[in-house]
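Before anything else, here is the set of structures, which you'll find just below.
First chain A sits with chain B, and in the next complex the same chain sits with chain C.
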Partner chain A sequence: MRPTFSDITIVIALELIGAILLRFFLLADDWRIVGGILLLFCAGFAVMQFRSDWESRIGDAFNRGTRLAVGLAILLVLLFPLALNGNTYALHLLIVSQLYAVLAIALNFQLGSANIPNFATGASYGIGAYVSALLAIHFNVNFWLALPAAAVAATAFGFLLGVPSMRTRESYLALVTIAFGVVIHQLLNNFDWTGGPNGLVGIPAPSLFGHSFASPIVIGGIKLPSQANFYYLSAVLVGIAIISAQRLHGSRIGLAWNALRADELAARCQGINVIWYKVLAFAVDAFLAAFAGTIYAFYISFISPDNFTFLVSVTIMTMVIVGGMDNIFGVIVGAFLLTMLPEKLRAFSDYRILFFGIVVILFLMIRPEGLFPQRLRRYGGSE
Partner chain B sequence: MSGHAVLRGEGLTIRFGGLVAMDGVDFVLQAGEILGVIGPNGAGKSTLFNLITGLYQPTAGKVFLNDRPLNGLPAHRIVQMGISRTFQSSRLFTDLSVLDNVIIGMHCRTQSGVFDAMLRPSKARGELRQAAAKAGELLRSVSAGLYDQRGRAASELAQADRRRLEIARALAAEPKVLLLDEPSSGMDDRDTDALIADVRAIIARRPELSIMIIEHDMRLVAELPHRVMVIEYGRKIAEGSFADIRNMPRVQEAYLGRKATAHA
Partner chain C sequence: MAAELMQQGLNWLTLGCIYALIAVGFSLLFGVLKVIHFSHGDVSLVAPFVALAALQGWSASASGMSAIGLLVACAIAVVATGILGVVLDWLVIRRFRDAPAMMALVATVALGIALRESVGHIFPNGHNPQPFPRLIDANFNVTEGFNLPAFNVLVIGSSIAVVVLLFLLLQHTPLGVRIRAVSQDREAARLMAISPSSVFRATFFITSAIGGLGGLFYASYAGVTRFDFGIQAGLIGFSAAVVGGLGSMPGAIIGSLLIAGLDTIVQATLPDGASYRLVFAFLLVILVLVFRPAGLFGSVAVEKV
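Our next item is the complex of A and B:
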């Protein structure tokens, strides 16, 4: 169906407003500006909560104008660094937010699609980072080869993690994943070859076609700081994660995950091999998390076990719950919000865990489906 | 009825701790036959379905589908081999659309794996689109009203439509044997009449389909099944045409007993 004129207006207006707000949010030093933007954001959602007809109008506009929406979004992502006045800290925040967006999308396969709790996404993230860093430091493996190698290693870990899910019930499974996460953290802390608590240093920056990611980007007189390299790299990863998530969601596999989320016993009786699909969710989660971990390691060039603690896993979980279970756009928004907010509200950083706790409780009470609830699937032609 | 045994149970027994919920039950289901299963509450009727579909493993005894033993097979394999079921208290995927419920019912008749979904999306999506079209047809053939509601969440359906959807979902797996567990529960007389008509329409299209149906509604039991077996305290106490068994003293006793407790 072709988008109408008002569809086009809605899509363009919302994306531009979103980008502009994000820019001011990133560049704001004063907590009052931060608070003001947050209030605007909350007001927007309060309106949605009471005017569900507006919400579905916006949804329709984006459905009909998908091409325009995606094209404009890509353009905005490409141009965004130009609007940051060379502020490297803002770029850094964006990179970390994007990596967390990938982690949140990864976890969403489990928590959102299949409702399997997994408190070990941080561990898969760490395994990805360590495997690629070790390969780069000791074997001179370049970034582009380390990336798939790390993904394979983490996927193997994901399968291993999934094995207990064959026998354990949900609440115990959460405990098993917590244990796995803690074990990985302890191992990284205690092995010699992982550098112990000091971690690994001197991970070389990647390069592409002779351009080192440690040097600034210069195109036609415009110069972007070196962080822009990793900004674009992580943006590409977010793109890959989104495409993978959509493909899985829109396939028989996504349906099987949703079925076992709704009623595991009934799912078995529809011919769904529940154990396999649970293990698969763990593997896919670990696979994507390893990509994020690899980029993180090569970006910061220094990793230590403390980057991959239990708290990291809890943070990712919060992002999925806040953003919206099984809604890809929602979990990305959740990831951006929960990465940037604590940074922007540094003054309150001692209360970070308290903050996550309160946010989760508030959401489960007020908007249990998250900011952006999942929507029913549509098949071509059937309305 | 073409007269060969599709599904057969031999000496089916299951114990839950001290309780013997099923005790040496033999049964045979012929191709194209409708076998009614009746008995008081707690007699073990649903347990029998759970044994057949692999949700429970029998303590003793065997189930055969076309002479192939099913013992030890997981539930999802048994569906694939051709036994589908509905549940006594309906178990739909309530947060998914009506159509998606039926598409999920086709899970074991579709192929795409992770690699197809990720790397060959046009193939995976094409398969799903075909499944969606087929699911739509199936819904339409079961009930036009249900078809019109295919885009809604299953949770929004009325009780009778939920039952219909569960039957459509079970049929989506293209079963040889369909097990219906109290399909008329929660229905009024009009809905029950519609249900009887629906089941008739379903078998008219699928002459080879064999059905086992657990029921309390005696009108339905009188009309649909070719044969009825009566279960009490986990044992089969009678079997035959409805006209024959309804007058057996043991059956009447079992039923009067049930009614007495039900009204108490």
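Our next item is the complex of A and C:
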């Protein structure tokens, strides 16, 4: 079905407003502007909560104008660094948010699609970061080779993590993953060859076609700070994560995961190999998380066990639940919101972690389905 | 050698009792509410801060720190922690009673963060470790080379007393019958004119107060208290309860003794034991759950169609 004129207007207006608000939010120093934008954001959701017809109208517009929406979004992502006046801190926040968005999408395969709790995504993230950093420091392996190596190592960990999931369920499974996460964190913290609590320093910056990622991008007289390299790299990763999430959702694997979520016993009766799909979910999660970990390690060029604690895993879980389970867009919004919020609450300095906890509880209480609730699976193509 | 063995055995029992006081709360709360109250560890570790605040108030009015002052402060702390549990249930947790299990888990983790940080801010200089006194500072000299500190006797004795009292309460009082009824079948209990919410309140008070006692011992055993002790105490208490089987009282106690035992052995035998203790404790958790997926004393829920 072709998009109507009003569809096009809605899509363009919403994406532009979103981008402009994000820009002001990132550059704002004054807590009043931050608070104002947050209020606007909340008001938007309040309207959606009470006027579900508007919500479905917007949804329809995006469904009909998918190509336009995606094209415009890619354009906005490409041009966004130009609008930041060379503010490196804002770029840094964006990079970290994008990495967390990848982690949240990774966890969403499990928590959202199959309803399997996993409190060890932070550990997979850490394994990815440490494996690639150790390879780069000790064996001079370059970034592009360290990336798949880290992914393989983390996937192996994911399979290992999946083994107990064959028998345990719900709270017990949650504890098994918590235990794995704590064990990995403690080991990273205690081994000598991981640098102990001091972590690893001096991870070299990657380069592509002779262009080092530590140097600024210069195109036609416009100069972007060196962080822009990693901004585009992580944006590509987010794109890959979104595409693979959608492909998986549309495949038999995604369908099997959804069946698992609906009723494990019924799924088993339908001939779905429940154990295999559960373990697969763990492996896919770890695989994607390792990519994010590798980029993080090479971007910051310093990692320590404190980047990969239990609380990091909890934060990723929260991003998925607050954003909306099994809704890729919602999960990304959740990741951006929960990464930027603590940073933007710096005006309250010491109180920001307290506010963070309270905000999470409030979100869960007020919109229990998540900001963007999961949509019903549509069978048999277009309407 | 024998003296050292006895010393380690004593450490094991003491640590096991402290963990058990916290683990019992996790287990009972899960049995009754079917919700994992992940901030239970943080609630428990509020008690030492309340006790310290009460002590400071006491020594401002009376002169010096006396044994009675300490006792009163601890009593206040235990009761205050119980009330805190009820308040948190009323404010937050009751809204997640019928939500999916993972949502309640994440919400209570966030609640724990908020609670920890509030303690750090409200208590003067609360983000730094605070020295916490030994509750009793005496020794019984049993044999040559082996001292029996009164503190360990106090911890073990009062833990056993609390557990026995809890058992009697659950088995032989009208309130206990109501609690067990709600934990077995909430709907049926409601039909028998038992109000679940008053049972929840009572359960929260009891478990939080017991956890508060555990928190006081935890801080006193360590000699200091920190605003973020709650994470570790909560993780260990939760693990002990799950290893034993959620909802089972004897399970929680045996799980605590197991984890404390491993803890003591690792610290006593390995050269770098103290830094690896969590690793071994959680490897034990993984192993137990691989072979007994519902914990040692938990019953595997068989799904009927």
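One rule holds for everything that comes next: the second predicted complex is superposed on the first by the 362 of 383 C-alpha atoms of A that agree within 3 Å, B and C clash if a C-alpha of one lies under 4 Å from a C-alpha of the other, contacts with A are read in each partner's own complex, and residues count from 1 in each chain.
Keep this in mind: a residue touches a chain if its C-beta (ideal position, glycine included) is under 8 Å from a C-beta of that chain, and two chains touch if they have at least 3 such contacts.
This one's a predicted model, so the numbers in the text were calculated from it and none came from an experiment.
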Touched partner set for A:Tyr172, first chain B, second chain C, both or neither: second
Which superposed partner A:Asp192 touches (first chain B, second chain C, both, neither): neither
Which superposed partner A:Leu265 touches (first chain B, second chain C, both, neither): both
First, second, both or neither for A:Arg377, with chain B first and chain C second: first
Which of chain B and chain C A:Asp53 touches, first, second, both or neither: neither
A:Asp30 touches, of chain B and chain C: first, second, both or neither? neither
Contacts of A:Ser251 with chain B and chain C, given as first, second, both or neither: first
Which of chain B and chain C A:Asp350 touches, first, second, both or neither: second
Those residues of chain A which chain B touches in one complex and chain C touches in the other: 265
Chain A - residues contacting chain B, complex: 244, 247-248, 250-256, 258-259, 261-263, 265-274, 280, 284, 374, 376-380, 382-383
Chain A residues within the chain C interface of the complex: 111, 115, 117, 163-164, 167-172, 174-176, 178-180, 182-183, 186-187, 189-190, 265, 310-311, 314, 317-318, 321, 350-351, 353-354, 356-358, 360-361, 364-365, 368
Partner chain A, residues of chain C touching it in the complex: 30, 36, 92, 95-96, 99-103, 105-107, 109-115, 117-118, 121, 127, 231, 235, 238-239, 242, 246, 272, 275-276, 278-279, 282-283, 285-286, 289-290, 293-295, 303, 305
Partner chain A, residues of chain B touching it in the complex: 53, 55, 74-76, 79-80, 84-85, 87, 91-97, 99-100, 103-105, 107-108, 110, 112-114, 116-118, 121, 124-125, 127-129, 131-132, 136, 150-151, 153, 169, 173
